[in-house]
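Two complexes follow with chain A in common, the first pairing it with chain B and the second with chain C.
Let's turn to the complex of A and B:
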């Protein structure tokens, strides 16, 4: 029972970060239909900014984290304007946009590698992460659980709720959904597509940035994982179902769960292959993803 | 001649796009005879004439560089006369660089041989990836994984396995069968992961990256077979009829013919009716299906065949380096292979070879960046000096910037047949 809870908490907290990544990716992908490999960069920006502000400049962590998240969101604007808009104006399609995104990610990672130290890790006052002791006599449980893990889970749950409410009840949310489901009609009705694209990138990158902050606080980030992050995000989207936002969250959680279980039973090396096996199984047996539906337009183009 | 009005710049650079292939708009005059491919083949043949005696030690590197200078000037002249800017730029780059290296920066003979071997192995890899990406539209970032599988398979087959668990066989196979078996092992792995071929577009790319990462991890984790994060050492170099190809110069006599054979096989595969099927699948799978081609099977076959060549290339690579290490086969390398294909020009079988050459040369140039920044720094003290150990980051940055500008201004690469869309 103990191990069950331990694995569960670890899986949920990892899955929560993945869910943030996937949700951000899904928001961008559903609207702009670009494989946004640069998504990992938003994560890294937030992570490094948090580290730099807190460690080098000595800001209190909360402020450092907030500024970092805002920076990540701002970087989303930069990505859309400097990378994707420029390519789109020249008539770029899927492949060229993807390669351009990859190129920008490479450039960014190289830049980070050159100007910064390789690992960004936050100082933790008082040593290791504070934990609390969970004791339930009846079930014979005596565990130390990191507060950080619980914080992550709660924060992500709140964020997912907030995003869902945003999409359902605010004007901007509806505009984004309009462009996502029928771009031509939305533009004909008078919605400004460029503005919506920018909003979407800001939103997605902010979500990724929050994930980055949480991850930096826990274990640090290195620049080389940019591609891996984008892959994780996209993997979560596929597993959960392309085109479905709750699917992205579920997919991220599922990925986190698979990786945690694999790490526990087979060793840390098997985390990524486990993710792959999960992806493969989902493709084979539920090609539309766990929560995807046949009706979604996107799927007819891709499967 | 009235055809001038129709399509005077049919295949000059900047106009290359999918509709205007050579079959639709026939070339005229000498442009039809001296095509970029033939120019490059002539260049290659001239270089072979210089490299063979170089490999056996009869001729110095200076001779090779001189021949190279003459050959690239010829290509440059042809490109200039035909207004093929991409090819011209490449020839100019190679010419200037090789002269600079040899006479100013002091490239030694052994290092030149080393670069040539590496370039030839990369040509095999890039050409096979070109068959997958450029012709069939399968953007696979798992190629380095298959290379790694081939490399490790070869290493395991030709050395004595370290610490095998009781009951396992100890291999020690001879050289040539091992290369072929290594390629086959890579193909089998490709077959095993082939369900991902069901995905299209972005998600296929994602799946191939996941495959790549997984293969990487499998290599790390299968400790008794692959020695984990330590490397397999003492992988043998070939010995044919008693002639040991043990130094770099001699090894290039081995790797270049192997590369040429592989590239010719790939050429016959893609510049053929089968190749037309592949390009149709890339352009419009629905059309391919409607004329009766089983798209799924064809993609599977392409994926498996290209994995075979990647495995063979990996085997040759590991034979040269005599060490099979996990760090050589990572995702970044897969992306560099893709960059080679895109840079050289997808859809032309020689484009990949050009891309491989370009990659090797640019990577070497980047190594001089710390020296260049120091030189600048001595004049302008504001200028930052980039220390030597940051070269990895600079390389990645350079390739990122290069690829981005390529996508912006010249998506078809150096001699691409069609503009990537």
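Let's turn to the complex of A and C:
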């Protein structure tokens, strides 16, 4: 029982980070229709900014993290203006946009590698994170649970709710949904698509940045994980259902659960393959994703 | 074009003249011509005169001085990262230079000197091989030092092809010096790390050693690392022979940041000792995760990868204190009179005291110098190879190195402990289990 609970907490904590990444990816993909592998860069920007501001400049961690998230969000503007808008203006298709995104990510990682080296950067003094001891004698439970894991799960739940409310009840949310649903019609009724695209990149990158801060605080950040993060995010979106925001969250959680279970039963080296096996199974047996619907299948043409 | 009679004759005359000139030049220096013999220099004799008049004392002729042997220079190449993520390994150049300075100052090499030629390998196999080729073919270095298993193993066949000596003081993979007359090393065979830790538990732990029969042992290792896998194989052999039990065997991938699940499993197995097999920052993260989940085994161990790993201390902080690690033969600063001179020399160049790897490369340079003392021709790779092979043992700063016939060296590993964020020697050298195969 104790082990089961610990595994559950591990899966939820890992899945929460993946859910955040997938949600950010979904916000961008559903609107702009590009395979935004540069999404990993927002994660890295937030991670490194947190470390630099907290450890090198001595800022309190909360301020450092806040500034880092803002920087991650701002990087989304740069990505849209410097990479994707230029490609769009030149009539670049899906594949060219993907390759452009990939090239930009590798360039960015190379730059980070040169500047920051491969040393893990931790934005706090070294040592274990604070935990609390959960003891239930009747069930023979004696667990130590990280406060950071609890914080992550709660924060992600709040963010998912906030994003849901944003899309449902705000003007910007409606505009984004309109562009995502029918860009031509949305433009015809006067919605400025360029501004909407900027907004989704800011929103998606901010979500990735928050994930970067949470992950970096626990385990540090290294430069060469951007592509892995982007693929994880995309995997979560596909598993949950392209076009479905709740699906992206569920997909991310499912990835975390699959990796945790595989790691427990087969070893840590099976964590990443397990995620891809799950992706493959979903594609084969439920091609529109766990929460996707048949109408969302239309969006998958672009893959 | 029509040549009139006069022009044709002029042309023919010119051609004849040129041909004649060519013939004269060609015949003027005949490389096969026997040189005109020079009569030998008459040497004075002291034949006695026939009459009673005493012979005048012949003027002594000073003996023809024996020409001084040409001073030899051993060009010692070294492929080592000097840029990029692994640039800090360039410090080993300083260690080797200190050894060269020490040996040359002692006068034991006579007029022979050693010229160290570092070549930036960028910690890349292709660059390492390219660097070796350049050192061997352009710089004519008969001996080339190297570091890093992947690079060394890639260089090994090239060294054999080019017939130059490849030497390493840092490659611990057992296959490096195996089966090649051109390859040597003075580096701890990585499998001895397992022996060192188990021997320490057996003889020293808790003051007088632990009873290993029934001892519960767990480990977590980085997947896809040959050196680690060899240590695991040796660990299994020792477990069978000594009766301790491997109760949990977990893995992770390089660059993983989450180890919660693996530690959950290990915790459930209730081990007496947990060993960490990692070469990077993951070791610190694993230690943190263990503390976070309340896993506090009696012994926390690491076989290689811990000593000098500053990332471990940065990430784990005080949680790393008490980690017992095995390491190549420890630098005993009290034991050797050369030690303070090495520390001064190295500190002057690098700004900090030398670590184990620096010490080993110092000792490796001593091995090469020993070959010169035995009479090796510094310009001949064959001669250097044959004389290095004659070095069977040498006492360096890391202790006694013993070399087998294959050019492989072993020295008993040592044991250390992380104390207050510092890497402290506990036992300089521990005997491996030579009787357990």
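As a convention for this text, the second predicted complex is superposed on the first by the 289 of 303 C-alpha atoms of A that agree within 3 Å, B and C clash if a C-alpha of one lies under 4 Å from a C-alpha of the other, contacts with A are read in each partner's own complex, and residues count from 1 in each chain.
Note that in this section a residue touches a chain if its C-beta (ideal position, glycine included) is under 8 Å from a C-beta of that chain, and two chains touch if they have at least 3 such contacts.
Given the structure is predicted, the values throughout are model-derived calculations rather than measurements.
Contact with both chain B and chain C is seen for A:267 once the two complexes are overlaid on the shared chain. Look at A:225: by the touch rule set out above, it reaches chain C but stays clear of chain B.
In the superposed model, A:7 makes contact with chain C only, not with chain B. Of the two partners chain B and chain C, more residues of chain A are touched by B.
Once the two complexes are overlaid on the shared chain, A:63 sits clear of chain B and of chain C alike.
When the two structures are aligned on the shared chain, A:215 is found in touch with chain C, with no touch to chain B.
Legend: residue contacts after superposition of the two complexes on their common chain; A:113 is shown touching both chain B and chain C.
In the superposed model, A:100 makes contact with chain B only, not with chain C. Judged by the document's definition of touching, chain A residues 113, 224, 267, 269, 271-272 lie at the interface with chain B and also at the interface with chain C. Of all residues in chain B, only 139, 193, 195-196, 198-203, 205-207, 209-211, 213-214, 216-218, 220-221, 331-332, 335, 338, 342, 386, 390, 392-404, 406-408, 411, 420-421 touch chain A in the complex they form.
Residues of chain A touching chain C in their complex: 3, 6-7, 9-10, 13-14, 113, 117-120, 122, 125-129, 131, 133, 142-144, 146, 215, 218-220, 222, 224-225, 260, 263-264, 267-269, 271-272.
Listing the residues of chain A that touch chain B in their complex gives 35, 83, 86-87, 90-96, 98-100, 102-114, 223-224, 227-228, 231, 234-235, 238, 242, 266-267, 269-273, 275-276, 279-280, 283-284, 287, 301-303. For chain C in complex with chain A, the touching residues are 85, 220, 223-224, 250-253, 255-262, 264-265, 268, 280-281, 284-285, 287-289, 291-294, 311, 313-319.
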